[in-house]
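Same chain, two partners: chain A is paired with chain B first, then with chain C.
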Partner chain A sequence: MQFDAPAGSNIFDDARIVGKSTPRIDGPNKVTGTAPYAYERHDVVADQAYGWIVGAGIAKGRITSMELTAAKAAPGVIAIVTAPDTQPVGKGMDNHAPLFGGSEITHYHQAIACVVAETFEQARAAAALIDTNYDRSTGSFDFDAVRASAPRSGEAETLGDFETAFAEAAVQIDETYTTPGQTHAMMEPLATIAAWDGDKLTLWTSNQMITWAKESLGDILGIDSANVRVDSPYVGGGFGGKLFIRADAVLAALASKAAKRPVKIMMQRPLVANNATHRQATHQRIRLGARMDGHITALSHQNWSYNVEGASGETATAQTAKVYAGANRLTAEYCATLDLPEGNAMRAPGEAVGHLALEVAMDELAEALGMDPIELRVVNEPDAVPGNPGKRFSDRNLVRCLREGADRFGWSERSATPAARREGRWLFGVGVAAGYRGAPTCKSGARVHLADGRIVVETDMTDIGTGTYTIIAQTAAEMMGVPLDHVTVTLGDSSFPASAGSGGQWGATSSTAGVYAACVALRRQIGEVLGFDADDARFEDGSIVAANKAFRLADAGTLSAEDTIRFGKFKKDYDVATYAGHFCEVAVDAYTGETHIRRMLAVCDAGRILNPLSARSQVIGAMVMAAGAALTEELTVDTRFGCFVNHDLAGYEVPVHADIPHQEVIFLDTLDEIVSPMKAKGVGELGICGPGAAIANAIYNATGIRVRDYPLTLDKYLDRLPAIA
Partner chain B sequence: MTPTGNDNATADNVTGSGSSAAGLAATLMPVGMEVNGMTVALSLDPRTTLLDAMREHLRLNGTKKGCDHGQCGACTVIVNGQRINSCLTLAVMHDGDAVTTIEGLGTVDDLHPMQAAFVKHDGYQCGYCTPGQICSAVSVLKEIAAGVPSHATADLTATPTVTRDEISERMSGNLCRCGAYSNIAEAMVEVAGAEA
Partner chain C sequence: MKAFTYERATSPEQAAAAVAGRDGAKFIAGGTNLLDLMKLQIEAPTHLVDLQDLGLDKIDATRDGGLRIGALVTNTALASDDRVRAQYGVLTRAIVAGASGQLRNKATTAGNLLQRTRCPYFYDTNLPCNKRAPGSGCAAAEGFSRQLAVIGTSDQCIATYPGDMAIALRLLDATVETVMPDGTGRSIALADFHRLPGDQPWLDNTLAEGELIISVTLPKPIGGRHIYRKVRDRRSYAFALVSVAAVLHDDGTGRVAFGGVAHKPWRSEEAEALLPQGAGAVVERAFAGAAPTDDNKFKITLADRTLASVIAEARS
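And now, the complex of A and B:
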């Protein structure tokens, strides 16, 4: 099915199942521990051996020798695959650092060996007996040291004459904000079971993008990707860290070949941060020039980041062309090359940390103008895409998000004077931020089967906690007129039709639209069998009414249909995006500076919400990750040895229960005709765009201290806390 | 009673598939436990954690490995009535102990009230930390009922009550990167209310 024009009215406008709050259909399996994740799939293939990954102890240089005698002789060892004895493997989609093979080391904890043994304990013990010697070379690990000389990535985006307009502006803000590296820290580490059957390779793994994975494995291993099957029905979190093939899958495949047995590998938690990908640090300079009435006349956002050779930085300016009006503009990205681990997508790449700067700069501008921060944003609401005035917004309700949020949150009680509200030992403050996140779509296929009046959906789409199983079941149930429990959804298998996969918050609307397309095809087949015009029929409660005649769905027998939704060029005329108003109240300990989040609210504009229950969870979850980015999370670089030193869940501090209060989410009742037949947009990344800045602004409101160096740990402002009265 | 549903749970084959490693047999140690009400007899490499005994030997996959270092709580199980990180303890230290895993709390067709409350309140997303969260949640309510104080207990001489602060403090050893904390707390409050 081609989506070539705005959706118009369709079945979902009178939906009975889509759009209703629905407990997850996979929920009972998840809460009883019976949902199968990659490493624990004992039943898929017999005789699984255990692999243990050895990571490089240097960040740059060469392996000069690897002494394996003791390890090979250790009890239970079946095979050892080493990098020096393996030709470097190829690179798959968006792989930049080498995955495995050869003696050259380009980043810390790069995989250099995999020990396969009968048991986990034996593999681990044998790996410790490998003695590796290196020739360590000098690397470049210090972002601050190389930042100033980083080349620009592509052209700067300009409009009007920024420099002149900024110089002439009545009010100017010129501030620099920094964000550190962050790691996905998904709860399930990268994990794969691999098995060969002749030339055919099967990987039971944990991956967000099944079609990319299958294609990439062909390139990486130098085999025909048609011989690769990937299966990933449950993914224990991804956040971008499982978009691309990583060393666990490569080593499981190579080690299985060497051991002549299926091999299972879970990357040890302490390897994940340095071996795999991370969100890179940024250094952002924002300049805002405005008239006294708040209208922005000059807006510049320059961002410096880094990556390994040939890869792009964390593009923090991503949202800046879209959010606020302003006739004179300049945005530019600069990317240094470092010998740190590879940077790659993490939840709302660019935008998540871009908001941490832009939305604090707006707060600073509001204060300089003596304006309410919400009013400043409303004044600068654009009619068309500010950085690209020829482009329209498909459906944008940011002002409603801010206004309705303000009402709900009690914004009018805010004191514009910082540090004005003290209750006992606590300094209270509130903050606001806008959120913008693009709402892309990708072609997505599905197959639907009808038998005995029940429906089975097959697609290689993944559920990474996003609620995919349920929204796909809701879509199929709505389309075929059956109760939800008459739909079985099977996901994540590359033998199913290729889907959009889970990334870029495009998954929900794309994959359900693909199921819609397949269901339209199935309805037409049913119409042909039973003799009615399916496009003019109503499917409800296991029955079909067409041209005043009734049919029973079960009488159509056994049928199958497959289709793919494809999105037409007309969408290019629009900026299709999601919007939010984020609100936060903090209490800062007047004595210790410790920040506690007291309240959080997000008002979201994301079109039709397919399942409010799970969509809300995505938003609150993203707000939690934003709280981490604002307050605690930081990959600390050892600039001598070129590694992230806090590479586990003790040293890298993600938010815990005690950090997070009750959270509130409101979804506006909007529909976006441009995005897809579902009129629905994603929310999983919208939720991380803005809350961190709202927290930072709330801390300023509580204390009068502006810290622009994330995370906002108390050591950065303890000495500036207001005097204790 | 010996479990029959778990195909790898007898003493003959618990070390995994056809262990050919010479000398390994001499290092195995017997350990007997009651797991989810069933008596199991295992013969284990003494380096095997309680977590891996559950997952790799008894094939009770519900208990998750998130870090293997006691940092995330995904492996939380209940041993002799107390929740512990099963990755931080060796299986052979638990001879004679009673272990309850997520599989012992309820089944898909007969959910424990806490499991049902997690479904109702969407107290999860990816589901990987969920069994550990639920084992902790069940234990936390019992700890509060038993009068065990926490850092959040304002008055150490008074009986603690189920408050949001008590829940958040006591659950903080169970990380959830999907960020379901707010919903988990609501699930726990509902179960606590039903029990009260």
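And now, the complex of A and C:
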């Protein structure tokens, strides 16, 4: 099915199941341990051996020797695959750091061996017996040291004459914000079971993008990807860290070949931060020039980041062309090359940290103008895409998000003067930030089967904890006129039709549109079998009414249909995006500087919300992640050893329950005709775009102290807190 | 983890002898720290002597009005004991500020005292650490040291004692009773139990080889307001940047001990005598001779401000 024009009215406008809060259909499996994650799939293949990954102990150099005698002789050892004895494997999609093979070390904890043994404990013990010697070389690990000489990546985006307009502006803001490296810290580390049958390879793994995974494995292993099957029905969190093939999958495949047995590997937690990918640090300079009435006349956002050779930085300017009006603009990205681990996608790549700068700069501008920060944003609401005035917005309700949020949150009670509200030892403050995240779509296929009046959906779409199973079931139930429990959804298997996968918050609307397309095809088949015009029929409660005649779905027998939704060029005329107003109240301890979040609110504009219950879960999860980014999360680089030192969940502090006392999410009742037949947009990344800045702005409102270096830990402002008696 | 042999001890004396008589033998109680370190092969005992059958899980009144806490009393049981809550509130508050519910259910009183004094570099076997690999150097001294010690450090080690319970025990003048491999016993003041790194940073405490803790004794209650304030980056499951254990009396006198600042619980009786003069005087004296890094010098300011807050709370 081709989506070539705005959706117009369709079945979902009178939906009975889609758009209703629906508990996840896989919930009972998850809470009873019957939704197996990759490493727990003991029953998929017999005789599984255990693999243990050895990570490099240096960040740059060469392996000069690996002594394996003791490890090979250790109890239970079946095989050892080493990098020096393996030809470097190929590169997969968007894969920049080497995954395995050869003696060259390009980053800390790069995989250099995999030990396979009868038990997990034996593999781990034997791995510790490998004695590796290195020839260390000098690496470049210090972002601050190389930042100034980082080359520009891509063209700068310019409009009008920024420099002149900024110089002439009545009010100017020129500030620099820094964000540190972050790790995905998903609950389920990267994990894979691999088995060979002749030249056919099956991987039971944890991956967000099944079609990419299958194709990449062909390139990485130098085999025909048609011989690869990937299966990933449950994913314990990804956040972008599982978009691409990583060392767990590569080593499971290589080790399984060497061991001549299926091999299972879970990347040990202390290896994940340095072995896999991370969100890179940024250094962002923002200049805003405005008239006294608040209209922005000059807007510049320059961002410096880094990556390994040939890969792009954390593109923090991603949202800046889209959010606020301003005739004179300059946006540029610079990317240094470092010998740190590979930077790659993490939830709302670019935008998550871009908002931490842009939305604080707006707060600073509002204060300089003596304006309310919401009014400043409203004044600068654009009519067309500011950085690309030829482009329209498909459906944009940012002002509503901010206004309705202000009402709900009690914004009018905010003190415009910072540090004005103290109760005992606590300083209270509130903050606001706008949120923008694009709403892309990708072609997505599905197959639907009808038998006995029941529906089975097959697609290689993934559920990374987001609720995909449920929204797909809702879509199929709506389309076929059956109750939800008459739909079985099967996901994540590369033998199923290729889907959009889970990433970039495109999964929900794309994959359900693909299921819609397949259901349209199935309805037409049913119409042919039973003799009615399916496009003019109503499917309800297991029955079909067409041209005043009634049919029973079950009478159509056993049928299957498959289709793929493809999105047409007409969408290129529009900026299709999601918007939010984020609000936060904090209390800051006037003695110690500890920040306690009191409450958070997100008002989201994302078109039709397919399942408000699971969408809310996505948004509150993203708000928690944003709180971590604002307050605690930081991968600390040791520039002597070239590694992230705090590479476990004790040292890398994600928020705990006690940090997040109260969260509220409101969805506007909007519809976006341009995005897809569902008129729905994703929310998984919208939720992390803005809350961190709202927290930072609330801390300023509470204390009068502006810190522009994330995370906002108390050591950075302790000496600026009120004097103690 | 290296393979090890295992036995269940039948008496404290037998346990002590079993560990003393065998190279590489260690006691295991709750195992909440030891097992983690064994998995990373930072600890690699060849033999474990499991103490779980020894009893030692009672809290008894002593003749002079204090409490004797069995070595194997869990952190949860100790924190929730009515006598402890009523008369040694700072101990309850310190315990519940540490770790997580699951860990406190498993961790024991003696084991908590014996958790390793540590540092991020201690946990990464590729990197230098004199505590883990004597003579390899201290990566932290010029590295990531924000969490680490500001006083009592040496050029060999700047690791921090991470526990909370021991800070309160130090404040309360607790003593540790042990049994030696030869069956004799001794009593060690908590002040003398943990040690500074000096030039032997691999030694966290003053126990002899095979010496087994059988109990920890609290002297009779001292009254006062009991406060434990733990300042950290997140509100649970994080080590202290600085913690303050205090017992404060209405006349302005009292006791104060600091956590998160040294290789051991940090208390200076001279400094706490200055409590009536306020936090600044106490902290100036308690941290005289501090040698912080650029990354952690904020801890001294934080100790000052946290103690000021504690004093204000006691007065309110």
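The rule is short, and it goes like this: the second predicted complex is superposed on the first by the 722 of 725 C-alpha atoms of A that agree within 3 Å, B and C clash if a C-alpha of one lies under 4 Å from a C-alpha of the other, contacts with A are read in each partner's own complex, and residues count from 1 in each chain.
To be clear about the criterion, contacts are C-beta pairs under 8 Å (C-beta built on N, C-alpha and C of every residue); 3 or more make two chains touch, one makes a residue touch a chain.
Given the structure is predicted, the values throughout are model-derived calculations rather than measurements.
**Q** Identify the partner contact of A:453: answer first if only chain B is touched, second if only chain C is, both if each is, neither if none is.
**A** neither
**Q** If you stack the two complexes on chain A, which partner ends up touching A:125: first (chain B), second (chain C), both, or neither?
**A** After superposing on A, A:125 lies in contact with both chain B and chain C.
**Q** One more residue to check, A:185. First (chain B), second (chain C), both or neither?
**A** The answer is first: A:185 touches chain B but not chain C.
**Q** With both structures superposed, pick whichever of chain B and chain C touches the larger number of chain A residues.
**A** B
**Q** Identify the partner contact of A:84: answer first if only chain B is touched, second if only chain C is, both if each is, neither if none is.
**A** It touches nothing on chain B or chain C.
**Q** With the two structures laid over each other on chain A, which partner does A:102 touch: chain B (first), chain C (second), both, or neither?
**A** A:102: touches no partner chain.
**Q** Looking at the overlay, what does A:656 touch: chain B (first), chain C (second), both, or neither?
**A** In the superposition, A:656 contacts both chain B and chain C.
**Q** Of the two partner chains, chain B (first) and chain C (second), which one does A:713 touch, if any: first, second, both, or neither?
**A** A:713 contacts chain C only, not chain B.
**Q** Taking the superposition as given, does A:592 touch the first partner, chain B, the second, chain C, both, or neither?
**A** second
**Q** Looking at the overlay, what does A:632 touch: chain B (first), chain C (second), both, or neither?
**A** The answer is second: A:632 touches chain C but not chain B.
**Q** By the touch definition above, which chain A residues appear in both interfaces, chain B in one complex and chain C in the other?
**A** 75, 121, 125, 270, 648, 650, 655-659
**Q** For chain A, which residues are in contact with chain C within the complex?
**A** Residues in contact with chain C: 57-58, 75, 121, 124-125, 128, 270, 425, 589, 591-594, 596, 631-632, 636, 638, 640-641, 643, 645-648, 650-651, 653, 655-659, 711, 713-715, 718-719, 721, 724-725.
**Q** Which of the residues in chain C come into contact with chain A in the complex?
**A** 1-3, 39-41, 120-121, 123-127, 139, 142-144, 146, 229, 231-238, 241, 279, 298, 301-302, 304-306, 308-309, 312-313
**Q** Mind listing the chain B positions that touch chain A in their complex?
**A** Listed in rising order, the residues are 8, 15-24, 27, 45, 47-48, 52, 55-56, 59-69, 71-72, 74, 101-103, 105-108, 111, 115-116, 118-120, 122, 124-131, 134, 152, 164, 167-169, 171-186.
**Q** Given the complex with chain B, which residues does chain A contribute to the contact?
**A** That would be residues 23-24, 26-37, 39-40, 42, 46-50, 75-77, 117-122, 125, 184-189, 234-239, 266, 268-270, 464-467, 613-614, 616-618, 620-625, 648-650, 654-663 of chain A.
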